[in-house]
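We call the chains A, B and C, going by the order they appear; numbering starts again at 1 in every chain.
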């Protein structure tokens, strides 16, 4: 079953067509990787899928509902969460607070003015679970601003997981992580496969080919090829356009 | 009625021109340096006081004007060099606080130097009197001179911005700050220039207006807020926007004060209309601003954020 | 207990000791100054909610002080002299004004927000300037202070001071709960990263608006107390420079800590009184001190204090 369907999506900045008639289907349960050279328009695509940017034309359908014009908050509630390529966290808050805030977003009203939120066990427990998942359990009380780059990347993922998404949009989750952290994150994504549908943007080809059920290749705002890892590896157009340097 | 309207329109335009002179420098400072300067109104006031002093000392309006301009330019340079350049990379809040402090210091300094009583500046011989406008209607020459001087300054600014290298940098800076920052050393000279020029223009406006308004310590406050309204309506960083916004605010404010009650009388009883007009007229420009912002959150000519 | 609430409670106790101290040294004016300090501390706390926790730099907050003050005059003229009824009326008026002006202002960001709140503040200012029934530009004197349960208890300066102090304690306690509750965490989140908040399912606007309205209501209560303290009401309470002063208080005390907001108000009012007693041109000195603080101590007096303490320990 198709969970996410994108049809003829277009977005330009002036004369530059960053998303140029792009169509894409993501089936429920799959890990769908999107690869492409720098500046291909991957982040811009994620921004449009998550509702941060409005496309010029085209449509985005999630679970059968047209969400092209709905705002970010509604999309998150519908089960569409994302991580950012450029770490976007609450610097002054601790790791636990960062994640608990995401849990709070889907657990009841936030118009509560009296009870200390730090004492809400339900929020903290769920947040701790997410932190443990990404391997940050022992960093729970550290302010995000004081974390290492790799830890921030892990936290970014924990926050997205805390939204309990049905579809997770991951924009280069491995970028800037050390080899050990990367290994751990790849294992985590492997474990998440099947539970959560994922769109993964990643430059780390080893990780992509190891994880992906399907791969789409994005060049100049268009999908130039789409298929299973083997297919993509063999596709001559892809090899020429993108994998060229790595193939040899 | 039509004559009265024409008269008020001219008064509004003249007020708008003054607002533009004050706003031009401020909007560039906002747009290029992303810097909030609450002390800008004080420079306007300072221009008027310097004008009053120099005109009295030298006995000549023109010499006084020249000296006042030169002094505000120097004050602008010194302020930039002493205070403002330390604040460019600080948060808005710090800029607000520092320039608020500067405003207190300068306006109190003016009170110490010249006292709190209003001063007057004599009108130059050449520009006194009035000329016939339409039918029996006459208009003071000096006010026309203000309009002409303002338009000439606007034209000069346009030339500076559209045709010179510094202007090119300015335009680039207003639309893309990082790019100008990437140009390196030039940037601090450019900032200094913009600042001093802005200070001088504000001082010029103060000096120009001194023969028609009484020069008093409160004059900087009221103009500063209206200048903000102008800049926000026009779009931060846009000199063109400042021009349009200034004329709009000047005319709406002036015409609204006179015609508001008159027009209200058409729909309600005279006593209520007078009262409502008095209440509404000073709020008109702020309503205008709220309306513009809810329609275009970045002002008429502002770039989208 | 962490350091901040301790500091806040110490400040409250310090204030509470002023009237006996004033009586002991025979200077009743101290109590009057302490009353002003406490009134402005409430106003500063209310501003800190939106500015410190929501990063909303409102430059029109004095309007709410004025709204509160005029609520006293208007109520009194219509025979309502009870303090709590007047506070209710003030809070209601402030809520209405804040809801409308906030709904417009909160659509903008950064410099635009600063300026549009300034403009709304000026609108309120000019509204009251043109209100000739209440003295227009000059304002109007109140016949008497507000009553409590029909009694003129507040005419006594000491009693009035403790009333104000109780309001301050209540405002502090309530806000301290609020900023540590769910709402406060969301508000802080919108300050830290609006984009992240939206990406985890929040719509920042509604929380900002709620905080903005609440902040206006609390500040209006401070305005009710201010009018009672001076027994005078005038548009000068809502001049834009007054809004600037409120921001100064926060910055002096350190933005985003409730104790800092209170300390900033105390220091600012104290400094003003001190300098004003010393020279009629006290604003010059005040400005110089402010400038020095901004240029050399970005985190305000608390930052300065913290650095001095840290330096001492090293």
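Assume a residue touches a chain if its C-beta (ideal position, glycine included) is under 8 Å from a C-beta of that chain, and two chains touch if they have at least 3 such contacts.
Predicted, not measured: the structure shown is a model, and the values here were computed from it.
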| item | value |
| --- | --- |
| Arrangement of touching chains [line / ring / star / complete / other] | line |
| Chain nearest the overall Cα centroid | C |
| Rounded Å distance between chain A and chain C, as computed from the means of their C-alpha atoms | 43 |
| Chain centre separation in whole Å, for chain C relative to chain B (CA means) | 31 |
| CA centroid of chain A to CA centroid of chain B, Å | 49 |
| Residue numbers of chain A (touch at least two other chains) | none |
| Complex contacts: residues of chain C adjacent to chain B | 51, 57, 59, 104, 107-112, 114-116, 118-120, 122-123, 126-127, 129-132, 240-241, 244, 247-248, 251, 255, 281, 283-284, 286-291, 293-295, 298 |
| Residues of chain A defined as touching chain C within the complex | 50, 52, 71-73, 76-77, 81-82, 84, 88-93, 97, 100-102, 104-106, 109-118, 120, 159, 162-163 |
| Interfacial residue positions of chain C with respect to chain A in the complex | 177-178, 180-186, 188-189, 192-193, 195-203, 207, 210 |
| List of chain B residues in touch with chain C within their complex | 30, 34, 36, 38, 83, 86-87, 90, 92-94, 96-98, 100-105, 107-109, 111-112, 221, 225, 228-229, 231-232, 236, 275, 278-279, 281-283, 286-287, 289-290, 293-294, 297-299, 305 |
